[in-house]
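Two complexes come next, and they have one chain in common, chain A, joined by chain B in the first and chain C in the second.
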Partner chain A sequence: MADEIVFDLLHSEIINYALDQSKDNNDKKEVDLSVVEYIGFAAGYKIMERLTREWPRFKDELDTMKFICTDFWTCIYKKQIDNLRTNHQGVYVLQDNAFRFLNNFSNGHQYLEYAPRYVAYTCGLIRGGLANLCINSVVTAEVQSMPSCKFHIHVQRT
Partner chain B sequence: MSRQTSRLDAKKVNSELLTLTYGALVSQMLKEIENTDDVNKQLERIGYNMGVRLIEDFLARTSSSRCLEMRETADKIQHAFRLYLNMQPTVTSWSSSGDEFSLVWDQCPLSEWVEMPSNGLKYCALIPGAIRGALQMVQLDVQCWFVQDQLKGDAITELRVKYIKRLEDAVPAGED
Partner chain C sequence: MTIHNMYIFDRYGTLLYYGEWNRTKQSGMSLEEEGKLMYGMLFSIKSFVTKISPLDPKDGFMHYKTSKYTLHCLETPSGLKFVLNTDNQAQGVRDLLKKIYAEIYVKYAIRNPLCGIGEQINSELFKTKLDAFIKQTPNYAVRAS
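Our next item is the complex of A and B:
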């Protein structure tokens, strides 16, 4: 079983790789994080299949979200989500006050502009995990002050 | 109401996530980069970058001292494999001059659940990259390459490590 630090380093190298790629493709200053998100999606989709194999069936959408906030999050991010809010119409807000990938940054505003790079993978991970449980969603993240992070999940119903 | 099922095993999940994430990265690279050689190079570079940072963690954790001989280095690489990937490769096939050896393993967490297309991809190119990067930080220049690869149908995976030279401390530019 691999050590955590290997995953941490791989995560930052994936971001590095995506930045390199988007630099090659266009000269614009904007960085393209869709690759990072997609890698998260692919990994999330597959890991969910393995995690829930021997799990009792989820009662409803909220039950699924609770699973993400507690068991899933504890495994990967070493802690539970601090706050889960929902409007009961398909919008969920997951708040993590000490997000693993932002924990090593300064608490000030200095690196706030780089925060999106470090949450893109996790957005994909959540989206992928939910997709495998037949919940199509759009996941975005919001970082107002390090190292706390809010993930917004909008469930798509059609 | 408590669930009947046992809780998930965090270490296992993390390790599986690493495997799957690495897989997703490789497949994404294959999609974006046409030339497989370039993919190998990218993977090697990623490994190199990781190795450069991983060595710090290794030295801090094991508080190991400087290696005076390649045999010591081999032991420590073996230790690092156990520490970081939880695998136990064997060190074999020393060259007579003692500057070249092989690391042999038959199971690697990175290459779990992997089936390879036959297009020259070196799936685990991350590992030689990491070894090279880490050793460079302790002033050892080595070459690393795969001699055998299970993913290509061999019975075992064999990684060859060759000592090139000792990197010397140089005087910083402009301080002569």
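Our next item is the complex of A and C:
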């Protein structure tokens, strides 16, 4: 679909751009994806504003997470999160078995070393969405075998 | 009915991908050399056909046939060439090539940012998807040799 491919291509070019920038700034092999993560944060923050327009207040944190897994994810990735787990102490694990940005990459371990680049934006997206709902968190991603991807959300309690 | 092998060239003649299924006779040269030879021939045929055609050629060169096999060629507007060798009984290979272009190449090579433009396709997923696609077509059957 046309709208999807525009988003996909823009996403991959933003990553390429960020990689180029970080290459200029330091010669280290480290890849700086904080810019990409921040772009995701801003987008997530704004999109959450729009999505929850018609919604009543969420009951609790878990309710909010469920919203992320269903409506939020469907809006961006046209599918729901396949699995949500939590330890009820502020750690949530969202698993997507066919993560869209990794779907066309490989079906196993090829290109695994490049996977972190393509999940940074989404981590920011989740963090931004939650931030707008007054949940401060740290979101990390884990890719063991493509195209499945796990997002770990650690809620920061103050 | 059999599908022998397949070449994908870009518009500069780079061999992007080579796939082989039922090829009993090897050319005896390196793949790189073979690709160059194949592209050279296609290039010549294309210009030959456009020059010699008494009418306005719409699609240009599409296939040629020998006593043993048929070579089908699909050229996209962007200059990609999909070349498929089959036996002489194969039907509907043009649609098959169009499908390979639209559903396999675009999806798993173009939409994979890790596949560089104008570089050989190394993606394992592309290879498996193409293999699966070829094997489920009605034209695919291993000829008893």
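Rule of thumb we're sticking to: the second predicted complex is superposed on the first by the 156 of 158 C-alpha atoms of A that agree within 3 Å, B and C clash if a C-alpha of one lies under 4 Å from a C-alpha of the other, contacts with A are read in each partner's own complex, and residues count from 1 in each chain.
Assume a residue touches a chain if its C-beta (ideal position, glycine included) is under 8 Å from a C-beta of that chain, and two chains touch if they have at least 3 such contacts.
The model shown is predicted, which means the values in this text are computed figures rather than measured ones.
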* Based on the superposition on chain A, does the combination of chain B and chain C result in a clash or a fit? -> fit
* **First, second, both or neither for A:Ile5, with chain B first and chain C second** => both
* If you stack the two complexes on chain A, which partner ends up touching A:Ile47: first (chain B), second (chain C), both, or neither? -> first
* To do: Classify the contacts of A:Trp55 with the two partner chains as first (chain B alone), second (chain C alone), both, or neither.
  => first
* May I ask for the angle at the C-alpha centre of chain A between those of chain B and chain C, rounded to a multiple of 10 degrees? => 60
* Per-residue touch tally on chain A - higher for chain B or for chain C -> B
* Asked: In the superposed arrangement, does A:Asn16 touch chain B (first), chain C (second), both or neither?
  -> both
* Upon superposition of the two complexes, what minimum C-alpha distance (Å) separates chain B from chain C? -> 6
* Common interface residues of chain A with chain B and chain C? -> 5, 16
* Give every residue of chain A touching chain C within the complex, in rising order. => 5, 8, 12, 15-16, 104-108, 110-111, 114, 118
* How about chain B: which of its residues touch chain A in the complex? -> 3-5, 7-25, 27-29, 32, 42, 46, 49-50, 53-54, 57, 83-86, 109
* In the complex, chain A residues that touch chain B -> 1-7, 9-11, 13-14, 16-17, 21, 35, 38-40, 42-43, 46-47, 50-51, 54-56, 71-72, 74-76, 78
* Touch list for chain C against partner chain A, complex -> 107-108, 111-114, 123-125, 128
